[in-house]
């Protein structure tokens, strides 16, 4: 689920996003003379969630009503996409991830960058950012860090040593001890690794009402958009949820499960412990995943799967029995 | 292993547990006129570990000497159990978990509830509850939180950023950095999820002498009774132990293992890394579980198992070889 | 990769390592009259990385130029090794691990021992050891603990609630929230478990430039030598790296992976999430390990493996297909 948020509450702008400055910074050769060089853009957006007045990092061609994005700048490394964008502000780049990294690091502050600043007050034994917004009915225990831009709704319980940053949290949410919410996703370019080349993460985590998150969990913020946890979902200890994952309402996720980036999960999801999910999957509603499964493909609604690679649970049970018999022969 | 403890050192009572108030709070229709409406109960207990003068949440019929529980209140959703309890204080409810949740949230404070209070002093860089009891020979490092009711024996080392609550700790215990001990178990009703409906956890963790717990572990407190770690057990990093688990003495549990709720493990247990255990299992003495196993069934003493679902290790090895051969055909 | 470091910056000596005192402490019967009883040794070393002027715990016979170790003391429980060491200072012991434990606990302070001391100052919301050395261009966030001896290079970002001890960190390193670096390895003698008998860990973690470590990770210090992370390596959340592991440059390790002790991995390593590695393996360069693999054997350079036990990925895929077909029969 994608939500709207004001990115600059979390990640302050270093300077204005003016097309001509972006071009200079990228060192691009401009073939496209119709570019509006003086246009100031408000934000960064992804091809999944494009916005007007933003830089749209756009590789996959989508059936958009492009007229809504006349005041945007499309950056793409896909020649076909580039060509199809007639009469738009557009730049062709060799490597989209590298250009993204270059632009973000130059124009926007984020917390994998030394320039990032926050200011804290020690309130009831926790460090609370001056730029956070916490409802006074919510309790925050000891040794927590609540970062800039964070909003916490009513009647929340944030237990001890929790790091909560780059997040918007609804009402009645409980986050247990030693969990890290809103940390950096694992964004990298395999050909150019290292801390100086990581792909900046400037999205957030959005947590709906009544969510319960266990101890020692990690939930990464989105890369550009948001990671999402639906209403009434309950998450056990040591669960890892990567950037841009979206989980519907009423999920129940047992301990040590890991969900890779951009996987989208429907409502009423149940996952046993130590399950793993590949990235960019689509998991329907009312799906049950048995413990220790490794999910590598999309799952249709109302399915129950098990094993690795995960398959229909009855099929999996048959295989187990067959293999056992074979082993005895 | 079940131990005795005074629950109210950890979880203060909000009000007295008087049978008539409980009935009013549950909104029960009372068919049982012999109820002693004015009886004040001392505690809550489970069918596994029933106590006199307590509310016994009792679904599974057990061959008890019921005469020891004349001054208790049995609450059950099992009609047969209800009928068999002649001349006892008893209430029939539709859903035992929901009734438990209702009663606990009304009568007892716990740390998933906004009403829960603790008071801390900053001592040597850690927040120590005024209601804890720490032997002065023990060392507590920085940024720890030691919660109310916690007792720590002699010569313990509690390293940095450890959360230790709802726990009784013996002598010579070492708990390493960033671990969370005594956190909430994952108790929920699948038909009624969300933080407001979680099943309250009001048990503790009991850690015997000479236990060593690694870094970034989570050990959940019992639901009503206690989670238990036996003497001389050593636990590696990132191990998750769920509520009501009991582990005998001399266990050796490698990193990233997860043990689900209520599983009972004997002495001299060895588990390789990344193993997982289903809940409510009984694992004998001298059991070895190979790394990355998924244990779904009880294991007899002196067994060595491997694979998922875990089976005898020699059998497992045969299967692997057979499957490889099949793959080549 | 083994590095040189001054152990006593991290683990202060309790008393001088004089051969006669070591003998008295071990209660050894000395058959070897040529021992230089008054020799003072500087350090402890392993058979993998023996040093002159040190106690060399030496069980596996190696083709050393022993002449470089004339001023060392060899301690061994291997009779053949003992006999082969002519004209050296040497002691035969029954159990090498037990003797090591006895000696270290008596002569060297380490942080699983109550005698270990460190002194901290609260600087910008974190506890920084007076005996650490942090470049002033590096940022340390809130609630961190930086232990004695730690050296941090230029332009590092240490995020919130990080424990960093017993470590040397290069330039541009990022360590994310709630991670524990330099914690104790899981060293034990299965016949003699318990916190009082754990095998002391007095090595360090050495982190090269540009490494990025995710949130809620644990990286154990070496037992005698060092754990090593090569330049430009990036590590996701909840990854566990055990003592004496060495990882080359440009590694990319996804979430919830666990690497057991003493495994040595080459350059350009890629591991999918939830993979596990047995200890003491040798993994070549340019190796790819698919998610959820269980690696039990050495892997040659340029291999891609999958499954458990991990095998060539194409072979693994064939097996999966065959097994599925068998299941349907």
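Quick notes
We call the chains A, B and C, going by the order they appear; numbering starts again at 1 in every chain.
The rule we apply is simple: a residue touches a chain if its C-beta (ideal position, glycine included) is under 8 Å from a C-beta of that chain, and two chains touch if they have at least 3 such contacts.
Nothing here was measured: the structure is a model prediction, and the numbers come from that model.
Touching chain A and chain C together: B.
At the interface between chain A and chain B, two copies of one sequence, fewer than half of the residue numbers in use are shared by both copies.
Centre-to-centre separation between chain A and chain B, using Cα means, comes to 34 Å. Shown for chain A are the residues in touch with two or more other chains, namely 143, 161, 178, 216, 238, 256, 274, 323, 326. Chain A makes touch with chain C in their complex at residues 111-114, 120, 122, 127, 143, 145, 161, 163, 178-180, 183-184, 186, 188, 190, 193-198, 216-218, 220, 238, 240, 242, 256, 258, 260, 274, 276, 278, 294, 308-309, 311, 315-316, 318-319, 322-323, 326.
Considering their complex, residues 125, 137, 139, 141-143, 155, 157, 159-161, 172-174, 176-178, 209-212, 214-216, 231-234, 236-238, 250-252, 254-256, 270, 273-274, 291-292, 320, 323-324, 326-329 of chain B touch chain C.
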